[in-house]
Amino acid sequence: MFFGSDNTAPVADGVMQAVLDANRGNPASYGGEAAMEEVRALVRRAFDAPEAAVYLVPTGTAANALSLALHCPVWGTVYAHEAAHIEVDECGAPEFFIGGGKIRRVAGAHGKMTSKTLGDALAATPVGDVHASQPGALSLTNLTEAGTAYSAGELGALTAMARDAGIATHLDGARFANALVSSGRSPAEISWKAGVDVLSLGGTKNGCMGVEAVVIFDPAKAWEFELRRKRGGHLFSKHRYLSAQMLGWLRDDLWLDLARQANRRATDLARGLEASPGVTLLHPVEGNMIFARLPRAAHERARAAGAAYFTMSEADDAVIARLVASWSTRDEEVSGLLAALAG
Amino acid sequence: MFFGSDNTAPVADGVMQAVLDANRGNPASYGGEAAMEEVRALVRRAFDAPEAAVYLVPTGTAANALSLALHCPVWGTVYAHEAAHIEVDECGAPEFFIGGGKIRRVAGAHGKMTSKTLGDALAATPVGDVHASQPGALSLTNLTEAGTAYSAGELGALTAMARDAGIATHLDGARFANALVSSGRSPAEISWKAGVDVLSLGGTKNGCMGVEAVVIFDPAKAWEFELRRKRGGHLFSKHRYLSAQMLGWLRDDLWLDLARQANRRATDLARGLEASPGVTLLHPVEGNMIFARLPRAAHERARAAGAAYFTMSEADDAVIARLVASWSTRDEEVSGLLAALAG
Amino acid sequence: MFFGSDNTAPVADGVMQAVLDANRGNPASYGGEAAMEEVRALVRRAFDAPEAAVYLVPTGTAANALSLALHCPVWGTVYAHEAAHIEVDECGAPEFFIGGGKIRRVAGAHGKMTSKTLGDALAATPVGDVHASQPGALSLTNLTEAGTAYSAGELGALTAMARDAGIATHLDGARFANALVSSGRSPAEISWKAGVDVLSLGGTKNGCMGVEAVVIFDPAKAWEFELRRKRGGHLFSKHRYLSAQMLGWLRDDLWLDLARQANRRATDLARGLEASPGVTLLHPVEGNMIFARLPRAAHERARAAGAAYFTMSEADDAVIARLVASWSTRDEEVSGLLAALAG
Amino acid sequence: MFFGSDNTAPVADGVMQAVLDANRGNPASYGGEAAMEEVRALVRRAFDAPEAAVYLVPTGTAANALSLALHCPVWGTVYAHEAAHIEVDECGAPEFFIGGGKIRRVAGAHGKMTSKTLGDALAATPVGDVHASQPGALSLTNLTEAGTAYSAGELGALTAMARDAGIATHLDGARFANALVSSGRSPAEISWKAGVDVLSLGGTKNGCMGVEAVVIFDPAKAWEFELRRKRGGHLFSKHRYLSAQMLGWLRDDLWLDLARQANRRATDLARGLEASPGVTLLHPVEGNMIFARLPRAAHERARAAGAAYFTMSEADDAVIARLVASWSTRDEEVSGLLAALAG
């Protein structure tokens, strides 16, 4: 009964097998291996973006910080939701890679900024005033940190505001696959067709070992990204082990299957929680993360039964729990947790 | 007949098996997994350094840049050999992570700086003059970029000069294991006992997938390193796949066996080259790298026979070749290359 | 009738005379001139801080950014009031000089943070969590951006919280002299005796041409500051023209006279405004800045009469005005503005 | 008999008078004052560059570092003479402002790089290799650090090489006026017409208090420069005191008169030195700086007579002296020094 995080799940078989398959011979290093060509082709096809530049890095923080540094000038401000990973969970990596930029926190219920809250933040920026950090980039997160998904329309409205402000849009897609399969849309529809300029496409939380693709829809930025990746220490010499992971993950749509599996477990759990006495869901469940208020007694029973999940806060009568399903979450874990909570 | 680089070799069985073994359950992320405790203990034991802080990062550039940033202030100069990886092969990563520092190139035959050349570089630095970048750190490389090894005595003499100048010593040990087994010394004797403060201990080039240990002999710097690693985007969430590699590599002294194997092939090849008509070795062969002047005709024959190696320069009558053996180089590759060269 | 800003006032006679007096001979450059010794002695005596390190820089942004970079590590967060100059008026200079740090906005009425709001901000920082930027420094502003003054007790309470959190306190004193003469305290009582570690002591807005002193109460940081000042491009070669300004400003307590003069004009104006129909003061007037709500008609009359001041916002019925007095504001300007507003 | 440096000379009368004239009223701050319009017009006219962007900063290091950061990407290398101020006298400011760039030292006799030495340095840069810092900018110095002047032809040949390499050329003109009057050329001919993209035009060493103009010949870079200047802490609030200096300096060609005066004294001194027994000039004297080998005895006599100059090195039989004339150097100082040396 493990719902602690999707970043503690094992590597999916198809991904591990690809790594094993790559473990022979002496292919070119630093991304020159043939497998990287395949990865590039698969990403471009999946995103209907034949010109996109595609690069691999080992962590989500690297993907985000490099992507933001690629688009936000040193004097720029990144607009991000106040709960965004780049603001609260990266120890200042974006500011470091940008070279001293700022992040402005944008509010919004359920982990989403809105046209109103982004508009207010943009309007509060003194554009053209040399004393103020200038608009630098918009960073959205989908699946959001609250486990909700932006619709294509919501994304399009926000990126249009960014474009009007003369800035690019980055999408932190650490859980992009979960948002994607939940949306019923194509990858293109919730990325570049919705105005996204650069995407951190997360593999790690969805069955890989440690790999994220950065998809840059304007290939003119490709060489600059390569140099920034290298000087950030994120260019693998034995790069084939990154491309192998990504190849195994993308091939035969394994990434979508894994995300569907995780989302399904989360949906099942959410339905059960909604039916549990005293339990309240805090946000719509549109991916693989659930935030729920659990009565204290139920929480204690779950813990006693061996359930693992993260508590955001604990009070005498109730706790706020974050429950994350992964591709490896089993049906019995869901039913076991629900049974334990029910007592 | 592949002598292109040790960073294109496959992963050794013991390392890959450890990765497979780690692929179960939901251990803590971000280095909290039990395997990291084992790694820490193994490194401390190997280096006879029970207090050392030990961290894992995915690339050598990350290990070097983070280690240097940990020790060199923003206004500091790093003294490094003019052929050092940090100077010529990291696209400015050390300067970026330090926050604008400088690297001063120190000369020296066979890839080694000497007391004379380092002394000259230190003497040329206007210490206490606010207009000049101040001494920041010494960075040595062992095995050197020329395939030679510093003796413990040479290391001690250089690090003593650094200490007198009030600066710490970093050792880029991307091929530390190769230098180690060639030296007949203990790990401690060619690291902290010889005055090294922080070591980039390379696994990638010696049979791993992508992992380097940073060994900080003064544990007071540990927390700062952790923060710098995170903001550099180098902290793995599924960190167990780094610790598993390192565990498989260190356990039962596999790392030493792999290095010995690579060095043995290089030594065999070097002996054969020395006996080849017209071939000259440019540097003593003290690890797994050979730099040789090959007659043009011999070079053409080797290429025609399918031999792969890097040429530093090519002239009408001869080429300068870099030949690198790895743990996976086979005896037949050595004999095959020698036969081809001989014609 | 000029109340636009104190940074458009001319240079006071005593300061300009000192500059003229310095304009002979060939004294040492870069701060080695004898006048700098005098400045140092005068600052130390004024602050009852015989060990303090004292440096001059040309702008307030330089003084603040260098002071913060001296104390806040690269992974650190600076706590500052949401209206602080370092957050809204320096185009990201602190983040740049720190090397990628963050500023956390702390709320508080009348330009002041409180034990409650600072406490909340500190409590919201996940200390010891490597994913989060860590506490780096506290930055207070006195005179505040709202024209109010912190009492010695308020300062002491806030700096104690910083000390408990293991961080240093910077005081942005662009209008320190105005706060000082308003407080009835000694310089020491509202700086180091109240827990301030480093002070930006502003001369420019109080009768100088362009000079700020950085007073570092822990002299162990002196050399590092010198290097940071140089690499920031803030070390003057003809430094004597900075020290001359500061000498003329400090000598015979001219700085206090100038600040008293500015405050007196502001106080007179504030009294008149309070007595004006429909006018409301937004903050207590404790220095040389007034924030007032002016009825639209009164505002139009003032403008028509030639009054100059900054409007923060304008509505149909009223405007929010910022009115700043300087050492050069004349009594007739105050009475003239009041007469114009009265109609 | 002061030949220590031109940065210890007083402010010329015309400059100081302009500062005094500016000391009235409340003109706009931050460069919005009318005098800045005049400065801009004067610079544009002098350089025959009606579109050039013109900005003022207080120090040469600021002018250089901001100019280089404007043109050199974060992964870039600046090519500079090994004696260049940016390399040896700015404590890493260019690397800091660029955000981690590198400076490559280019050799060359008499303070000048040549087509050969620059060509070698460019050829040694692995363009298109992601592991290597890429060409970022060329930085020339005129008057050079050896007191020599590049001809327009020499400048044109070097900047053409930069243009071919796809990089911009910065000219450190801390003593541009001295080089200019010595060259017999127009300002345009030894700046933009010779391929210079951005010029640090030094006022401080030639009769000002502390002001340098940055002249950006491509005005598309203007806004970025303004933001970089602000976040570097180099934007003056009472900016009128910078523009006043520059106005007084440029008006009626005072800057040229001052430079001619300094050069004339240096030329006279050089002629006298050439005629002195045992004295050797190390470089052609083409501005206001002389480097000479003085017999020990002559040196002792000069010192005893009160002469002040900088010695680069001292040996038993001779010293290497740097002698700098300024606008304020008097004829008697020249004759007095020559008499003392002669004994």
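Observations on the model:
Letters A, B, C and D mark the chains in the order given here, with residues in each chain numbered from 1 onward.
As a working rule, a contact is a pair of C-beta atoms (placed from the backbone, for glycine too) under 8 Å apart; a residue touches a chain by one contact, two chains touch by 3 or more.
Since the model is a prediction, treat every value here as computed from it, not as a measurement.
Touching subunit A and subunit B at once are the following chains: C, D.
Chain centres were defined as the mean of their Cα atoms; on that basis the chain farthest from subunit B turns out to be C.
Per-chain Cα centroids separate subunit B from subunit C by 51 Å. The mean-CA centres of subunit C and subunit D are about 34 angstrom from one another, to the nearest whole unit.
Work out the mean CA point of subunit B and of subunit D, and you get 43 Å between them. Taken residue by residue, subunit A touches two or more other chains at 74-75, 90-92, 96-97, 99-100, 130-131, 134, 227, 230-231, 235, whereas all remaining positions touch fewer. The touching residues of subunit C, when paired with subunit A in their complex, are 74-75, 88-92, 95-103, 130-134. Across the interface of their complex, subunit C is touched by residues 2, 4-5, 7-11, 16, 19-20, 23-29, 57-66, 90-93, 96-97, 204-205, 209-210, 227, 230-238, 241-242, 308 of subunit D. Residues 30, 73-75, 99-100, 130-131, 134, 224, 226-231, 235 of subunit D touch subunit A in their complex.
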